[in-house]
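Okay, so chain A shows up in both of these, paired with chain B first and chain C after.
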Partner chain A sequence: MATDSSLPSDLTPERPSSQPHEASVIDASLRTPLTVLISSALIWLLAASVLGIIAAWKLHTPGFLDTCEFMTYGRIQPAQSNAFIYGWGFNAAFAVSLWLMARLSRGMLPGSGVLLLGAAFWNVGVTLGVGGIILGFSTSIEWLEMPGFAAPLLLVAYALIGAWSLVVYRSGRSSEIYASQWYLFAALFAFPWIYSVAQVLLVFAPVRGTVQSIVHVWFTSNLFLLWFASVALAAVYYFLPKLLLKPVSNYYLASLAFWWLVVFGSWAGLSRLLGGPVPAWVQTVGAAASFMMIVPLVVIGMNVFGTLSGHWSALKGSLTLRFIVFGAVAFALWLLALIAGATQGFASLTQFTYFTAAEGQLGLYGFFSMVVFGALYYIVPRVLNSDWASVPLAGVHFVASALGVILLVGSLALGGLTQGALLADAKVPFAGITQASLPYLFSANVGLLVLAIGQIAFALNFFWTLARASAPSVRSVKVLLAAQPEVSR
Partner chain B sequence: MSADQNNNLSAGQSGASDESLQQVHAELVAKKPEPKEGFKTMPLFLLGFVSTMIFVTSVYVVHYRAGFSPTVYDQRFDPKTAAGTGAKELTPEQVIAAGKKSYQQVCAACHQNTGLGVAGVYPPLAGSEQVLGKEEALIRILLHGLNGPIVVKGNTYNGAMPAFGKVPGGGYNWNEEKISQVLTYIRQEWGNSAPVVTKEKVKEILAAEKARSKPWTDAELKPFE
Partner chain C sequence: MKPAPFLFLGIFCALSFSFVGLVLTNQLTYGAFTTHVDEDEGKAFPQPLPGLAAQGKLVYQDLGCVACHTQQVRREGFGADFGERGRGWGERQSVARDYLRDERVLLGSQRVGPDLRNFAARKNADGTEHNAEWLFKYLYAPTSVVRESNMPRYAFLFKTQPIIGQGSSKALKLSGALAPAAGYEVVPTSRGEALVAYLLSLKDTYAYPETKNIYTAPAPKAGAKQEGHK
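The block that comes next holds the complex of A and B.
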């Protein structure tokens, strides 16, 4: 766009890294913790994938593995969602947010001992939790299925990990707080709040009656919006201008979107209860807050697609951008589905059908995971100071992920609409509805398999790159600091 | 796939530096009120848009607030219209309970909680032929009051019963429902067992005696007994 050139100053590229400089010192200081976090994230991602395929297979072939107590749907399905959310999602979000915070604050990580301890605690906590679910100790509250003993461990681990984002921010030399950092701070402080409130009110001292479902829906929607979506939006606001060498268009509106999302977003989830057994005013307030999501939808759309307009060809050149733009489109669709779902007519069709599952996958996989994949393609080579081992594997990952998400979300959404229409028809017997949704469930399962191919390609690529980077020729932090002592302070 | 096509896969590839990202952020934030050409209409559009959203959702919330009541589960509930159409009939037990409440607040001062009254002044209600007799007279006594001597169960009482209905000179202005409740109560308490008094009957008699503005006497009531 012509207006871009008149903006105050254009972004200047990072200097080529022939000489060690600030950014590479920061990256090097993050190498060990990020390697640990990303490796654990990937292992959990693959584990969740295996569990997810088993669970999904049971939906259309109920006899599959039904003789084993630990493999029943009621245990495998929550184990899958917890492994995905707390194993993959959190580890990956920790890695990306820590790196973004360090880079934007221009502060290096002073030491990684406590951070590594936190990462270990977190993964032990998730292992105990997922193991507990498979052994039958599930609390049966969606996204909080992990037995009560895992929760305190997770909170302690979170504190040990999250504190370092503040440390790098405080020690950094940038006095500005960029849009990405707003979202990172929001996520950082929101998670302990929503998680501890939900644990206390639902697991340790359960509230009674309909308040339970209100607290629960508040927790799940905020965990997505204030944690996962915030971290992913931080990455979007960072990589878009960085890779396009162009400021975010309409940047001054970004703060409006941020506050709007934080203030109204935390209420929006209540619209999930539309038509449910909760007082009418709760549903009304939830629906109103969901309608308000139109504002961040428009503003973030203007930020993202305004910046991209005229630069679409850049997508061909950058894998990170492709992942991130895919994620941004998915987020827009997710918000649209949320807004549509808050209207009585649409909700009466989609409520309590596979459409809800489609929305969940669109948000967690289509948006959060895709953006994080994109970010990792940029972060990993810098942190390891080594190129990706295989370019074709990265290509396979993108194609498989994009196809898989479209297949998975598309078939669940269509299946949900069909299911909703049939449920509303009193003449159709219930068994007939189950029968009619089978083809959709099967194609969703194919989507999961395609996604798994992408995940395997990504994991292979990462561990291969890690192995190559561990070669002694790679520069370590000490060497970098020795070469340029003044940046370390 | 050439290396060029995936140039961000290498460690050496450069995006914008973080320093310049922050610098541009600072400049854009500082110049916020002065948007560049082509963006001029945007703040106006957005202001209108945001205001519209706030307005529309406020109307929505007010319309479907359902009285912010924790016991209302239907968004279309409106206490105003619901009070007229959906007012529930009280169960016989609730009618008696409501009547008892009114009785104890007011009537018991003279007729006593035991319903036995005070000798010579306030006649008893328990076993009284006026209470157990035709409701025509009983309703009239409560609506307009009663002055002068009256014979109940063989004893004469001389007191003043005030008017309880919405009548000229009436100090209590009880509505038909309340009167029917208290009468039903005294007709079924202390071993009494006369039929209930409906508020429709009370309304009917109130209409029939619209012209009356003073309390009844025992003699005047004779035709109704």
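The block that comes next holds the complex of A and C.
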């Protein structure tokens, strides 16, 4: 592939600044809020992991913890997904997007009081929501199970947190807008819209009949594509050129992928309703939109793997890069599954099976979480101004995460295909399907345990680094500006 | 690349496009869909849930049954939900009008357990009808009724109480290890009764105009002549 070194330097995310310590001043201004956001994200990640293992265990051993109403599968499973999505996913996405926006816009966070208040509200909201599910106030709407009393709190908290990305952007010195920022703006803008529409039309003033199902699928698919995938793609577009020290190849196509994803991707999830009780045109349009995702698949693939080609050896040296490349591959597979799901044959085979669960895990864990882990390995030492406490723990985290995702997604996908094939054959009694899927469920559970090992390693490493960093010298922005100490990067 | 206002405008337009196209259009076109009044029967279909069943639906929601059970029979050609070689999960495919009265539509996305949309209209594997007694026992101890069942127990929807007088008519007929101590009986709580009433109300057997005369591709016959190409 042709070298892109002739491209103008403004295609790299950050231009060298005239002020040598600008980056560390920005990092220092983000220190407190990012510490709070990342800490809460990690606590939620571990909580979701415990809930997830309990739920997965119940699937193959239904007698496990079945005497108590609060521990029944129908409550533990949504509690897990909500803790993961709103607890881990959002806190982590807030942290990464704020840092990316600050660095790319070259703007400091002017103050962190309101942001911390927002973070507190958010976590209280998620706690109320997850607790509400376990206590029996679930709405039974997938990914929106949190009871109505938690939702307004989340929206207020979101406003208090999300606004700071815009403040940082406005106060920044950089007038250019890089690809990462397009995705961040789209994510920031999309979430309050889709979430409030879904809450109003599904929970507070439900629309009639299966219009609800359309609103619901519209929400869930956009929550993944326009929030989680957008934040993760922003990180991919930022770190890839930065760590490889070269511009993104075929960068001119990146805007095509972005607009394609925003315009048509927001219609794509409807293919989940194929064969269901909704108008035929909705199913057809959904399938067409899903199929059109082939364009961002190709373009993002060209951007990511084009940039990487010839630089694969860099993967050895950088943990962040390894996580991010793993995530990018997972996203490509996720898009492929979405495209395949637009065809009737594949959809009727995989619909309502563990294959859809595998798709969900591939997107949320294999792509989003892995990219965020990678980003955090870069961000945390800079924000805390301290190296990671343990290199081996970080290695354990990567190996466990990669193995865990492969095991979890692989067994759920294979189990789902088996389950789908048996479901389509009415001669097989239902109990036979249940029995046939047990081995897959068991190995998926092993995958979750392996993932948990990685998460524990990561959490230990983070809190250890945090404890070490805050002990000797707490550096505030003022101190930094006055002393201008050595910059680690 | 682009000035920020244009970027915002673009994102706004893109989201409006899908919001108007999917949410608003559907709400305007069939959000005001009405029930079907059958003049012969003098009723409007679908019929509202009876009171106890409506309470039971709330129990169904709070226990998260939707995590494992769908409530939709897919059209022919999609799996084997119904039809000649189907599982008999319904007499016909589910249509939008079936859900008109559902304040919360619980289509579901996983079939860890069987579909329940027509639960009350179909029979057990051994040919017996679904009835409250069967269902209570199944919820209390699934494997005592269906040995290979993978459903967890819902024993918390039942209470053990001392037998007073002749005992409750709702007491479960249990035997073996499940049987309560002498002088005691196991009866469903009010939530358990409501849940069972809801499950026994699940049937989409009424044939709406739109469910009749649905085109189904004829089975290919060997050597059959194609019409229209003479």
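To be clear about the criterion, the second predicted complex is superposed on the first by the 465 of 489 C-alpha atoms of A that agree within 3 Å, B and C clash if a C-alpha of one lies under 4 Å from a C-alpha of the other, contacts with A are read in each partner's own complex, and residues count from 1 in each chain.
Just so we're on the same page, a contact is a pair of C-beta atoms (placed from the backbone, for glycine too) under 8 Å apart; a residue touches a chain by one contact, two chains touch by 3 or more.
Everything quoted here is computed from the prediction, not taken from an experiment.
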item: Partner chain(s) touched by A:278 [first = chain B, second = chain C, both, neither]; value: both
item: Which superposed partner A:163 touches (first chain B, second chain C, both, neither); value: neither
item: Partner chain(s) touched by A:267 [first = chain B, second = chain C, both, neither]; value: second
item: Touching partner for A:176 - first (chain B), second (chain C), both, neither; value: both
item: Chain B versus chain C as contact partner of A:103, first or second or both or neither; value: first
item: Contacts of A:50 with chain B and chain C, given as first, second, both or neither; value: neither
item: First, second, both or neither for A:467, with chain B first and chain C second; value: neither
item: First (chain B), second (chain C), both or neither touched by A:336; value: neither
item: On chain A, the residue positions that both chain B and chain C contact, one per complex; value: 176, 178-179, 277-279, 285, 344
item: Chain B residues touching chain A - in the complex, by the definition given at the top; value: 1, 3-12, 14-29, 31-32, 35-39, 42, 46, 49-50, 53, 56-58, 60-61, 64-75, 77
item: Chain C-touching residues of chain A, taken from the complex the two chains share; value: 58-59, 62-63, 66-69, 72-75, 77-78, 133, 136-142, 145, 169, 176-179, 182, 185-186, 189-190, 193-194, 197, 201-202, 206-215, 218, 222, 226, 255, 259, 262-263, 266-267, 270, 272, 274-279, 282, 285, 344, 347-349, 351-354, 356-357, 419-420, 423-426, 429-432, 434-435
item: Residues of chain C touching chain A in the complex; value: 1-4, 7-8, 10-12, 14-15, 17-19, 21-23, 26-27, 29-33, 60-68, 70, 72, 74-75, 77-80, 85-88, 93-100, 102-114, 125, 142, 146-156
item: Residues of chain A that touch chain B when the two form their complex; value: 1-3, 6-17, 22-23, 103-104, 106, 174, 176, 178-179, 238-239, 241-243, 245, 247, 250-253, 256, 277-281, 283-285, 287-288, 291-292, 294-295, 298-299, 302, 316-321, 344, 377-378, 381-382, 384-388, 391-392, 394-395
